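Letters A, B and C mark the chains as written, and numbering starts fresh at 1 in each.
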Amino acid sequence: MTMKIKKMSKYTRRNFITYVMLAILFVVVQALVSTGNVSSLIKGQLVPICAYVVMAISLNLTVGVLGELSLGHAGFMSVGAFSGVVMATCLQTVVPIAWLRLAIAIITGGVFAAMVGVIVGIPVLRLKGDYLAIVTLAFGEIIKSIINNLYIGLDSGGLHMSLLTDKLNLAEGGKTILGGPMGATGVSSISTFTMGMILIVVCLTVIFNLVNSKSGRAVMALRDNRIAAESVGINVTKYKLMAFVISASMAGMAGTLFAMNYSTVVASKFDFNTSILVLVFVVLGGLGNMRGSIIAAAALTILPELLRQFQDYRMLAYAIVLILVMLATNNPTLSAAFRRFFGSFRRKKPTSDAKGGAAQ
Amino acid sequence: MSFEKRPETKLVPVPSTNIVPERDVDKTPILEARNLGIDFGGLTAVDDFNMGIGRTEIAGLIGPNGAGKTTVFNLLTKVYQPSRGTILLDGTDTHGMNTIQVNRSGIARTFQNIRLFNNLSVEDNVKLGMHNQINYSTLEGVLRLPNYWKSEKRAHEKALQLLSIFDMQGLAHAKAGSLPYGAQRRLEIVRALATNPKLLLLDEPAAGMNPSETAELMENIVKIRDAFQIAVLLIEHDMNLVMGICEGICVLNFGKIIAKGTPSEIQANPAVIEAYLGKKKEDDAK
Amino acid sequence: MTFLTYVISGISLGSVYAIIALGYTMVYGIAKMLNFAHGDVIMVGAYVCFFATSRFGLNPVIGVLLAMFVCTILGMVIERLAYKPLRQAPSLAVLITAIGISYFLQNAAQLLWTSNPKTYTSVVGNGALQLAGGQLPISYVTIVTIVACVAIMVGLTTFTSKTKMGKAMRACSEDKGAAQLMGINVNTTISVTFAIGSALAAIAGVLLCSAYPILTPTTGSMPGIKAFTAAVFGGIGSVPGAFLGGILLGIIEIFAKAYISTQLSDAIVFAVLIVVLLVKPTGLLGKPVSEKV
């Protein structure tokens, strides 16, 4: 076994460690849950953690691997959430098996988010740097506004949709799935921790395999040096869009998983603050570092729950922790002191440099 | 040098093509630039640029700083679209092509200010040069289908083979950005070669190299030309290198060609001496 | 007449955005960072003025001055403690730190002043100027806001072009290294920039809450994001651009609310921003940047 691990290339070994970490986590959590050793508080957080982990690794594909700052990632999550919920409600009677319905809903969420990703990506990716970031923010807000005013209902005649008014003209026995600012109500919460873990592993595998293939290399090349990438014949627009759309589609799947965990979902849940929250996971975990994203997303989702004993002070504490971690890892003097303090315990600072290397 | 003196340069013959080596079976030039020019706002950076390069010729483009040499490279590779003139690559007009298409048609280049993919490994940099020759789809890559393994294995072998030109196989796993300066310049050449070009443009390949490194580079450029049977056009300030390996030389000053010819012709050309070499001698005297 | 009313209220809202956007754009121009905490400095300014006038019954002018004073100190302290240590750090790290500061200010405000909304009493009273025989009422807040914005704009332009410190700021925004070699104290300059930006934020906070009199710890977020959008709209880093972007954004928002849809007004504002950036990728007055090959 050890021999085999040693023979693997550096990246393969790192990826392997990440998978092992996830497998151990899954087994431990499942064991704790089945023996009743997990508080209901944490238990309720299991699916959201999985959703945020997928959000973090997918945003890391955009920010860390593609190298473009996106401030509207929650918009794709929102598209995925609501398209998934609509699909699941439509299939309520057709597909009685809950996990299969969930899987179909997740795929639907991914497909819709990918389509929106194409629509958003084509104009956005023509811009650069902070301008690109602000336009992703703008799209995130637009998506939120639209879904906030979208009404969708289902009756024997099929789906009915309307913007701004709730006059859906539903036939007898029809039901409203999405009620504008009221959000989607009466969702059957069928998301499971197992499905969440499967989604994480699938997304992680796609990213790892992508990064170590021709297309992933091209994406990282244009992050490092666009002009050089063009000079060796790499189609910059194609690969930018590809990475962006894959990232959007994963966010959509995470959105469905997240939404199907609750009986009510509102569009304002997926706002600018959620986009920023996910960005915090990515930066704290290290750009391009998928394992870091997973750990940061899980830890920072649980942290406010653990800080509950501090009640009103918990978000303040969260803010201070965030600022201190950023200072400690990015200021040369402070990070040196930090490392001395922890001695040989840590080999390397947790956040990688401005632009991470290959995904780990 | 003032603009008024320029009419004198008309004494120098400016043929439409440069030196075509005797060894070339096909005597048509691989690259022909006709009346190429570009304006930035009101400023004419390059004007009336005519040059031909033989299929296995090593040609040099020299001139004082700011003469427009790198601009010529940017025009040939379509980083800038020319304001006027024609570029014929292997007889095909590159009008309307972008950088990517020009590269696919056979021009590869290096950059004056090194542009590597700094966070990627040396091997990945070379594989990126081979990007358009590796044939598997994104889906095949993500699903790791047999075609992925086969193509990647072939790419890996070819990358190592290309790196061996400069004895860099040992550095395959190093991060490109962490290499010493000279090695970065060599890696850029390998990456450009990996795109399988017909014409290689080298922008100051010897900049920052010491004399022994430069000598080695000269040997290697010739070796590359012989092994790959391609044409090389290089911009260089090191006159030993230019006069040592170039068969045809083109001298640029204020965006215009002031002389063309073999190294010995150029060295004897009064316009060149005045514009360029003469000035250099004065500097040396100081 | 209603059209004119909309134009005037658009300019009024736009003036608030413009004042906030000036703070964003100055800090961006000089420190090359997106100061996401700027919106929350607005909120702090509004609270300070609220307590000074409503609780302690101070003169509104003193209230505004006090708010400016507190915000100036706050801005400089934030810069010194959180941003200065990260001068060499990657821009994303600074961005996340700014977000941390934003969370901190919001939650600190919530602890200090609770999340119950405070009803703001306008600093200039609730009266209105009746024009065209009472058909075109213009509230005093509107007039004060527009006048303040124009005065600030003129003042800032004069400051950056005429004074020594203003020139130092422009030098630092071009090239910090070169500015330092010319004997300009870069740290002081950045500090002063933050001070000015934060003082402007205080004024914006008071004016914003005088026009829209509900004050909560998150009051500053949305105007902050919109003003940031306005700064980008006009070309981030450009002072006249921030002014123009702010005014235009305000007018577009009011028009969208009046003629299209109240619920979708934000979406329309952002859609206009996207269209503008696609036509002019560096904003209305931004300078195009080209990369040397």
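Assume contacts are C-beta pairs under 8 Å (C-beta built on N, C-alpha and C of every residue); 3 or more make two chains touch, one makes a residue touch a chain.
For clarity, every value in this text was computed on a predicted model and none was experimentally measured.
The chain with its C-alpha centre at the largest distance from the centre of chain A is B.
The innermost chain, defined by the distance from its C-alpha mean to the mean of all protein C-alpha atoms, is A.
Rounded to whole angstrom units, the spacing between the C-alpha centres of chain A and chain B is 44.
Chain B and chain C have Cα centroids separated by 50 Å.
Annotation: 31 Å between the Cα-based centres of chain A and chain C. Across the assembly, chain A contributes 227, 355 as residues in contact with two or more other chains.
Residues of chain B found to touch two or more other chains are 79, 111.
In chain C, 293 are the positions where the chain touches two or more neighbouring chains simultaneously. By the touch criterion given at the top, residues 63, 69, 123, 126-128, 130-131, 133-135, 137-139, 141-142, 145-146, 148-149, 164, 227, 272, 276, 279-280, 283-284, 287, 312-313, 315-316, 318-320, 322-323, 326-327, 329-334, 351, 353-355 of chain A touch chain C in their complex. Put simply, chain B touches chain A in their complex at residues 77, 79, 98-100, 103-104, 108-109, 111, 115-121, 124, 127-129, 131-132, 134, 136, 138, 141-144, 148, 151-152, 173, 175, 191-192, 194-195.
The residues of chain C lying in touch with chain B in their complex are 292-293.
Looking at the complex, you find that chain C touches chain A at residues 28, 34, 36, 82, 85-86, 88-93, 95-97, 99-101, 103-104, 107-108, 110-111, 221, 225, 228-229, 232, 236, 261, 263-264, 266-267, 270-271, 273-274, 277-278, 281-283, 291, 293.
Those residues of chain A lying in contact with chain B across their complex are 10, 206, 209-210, 213-218, 220-221, 223-225, 227-236, 242, 355-358.
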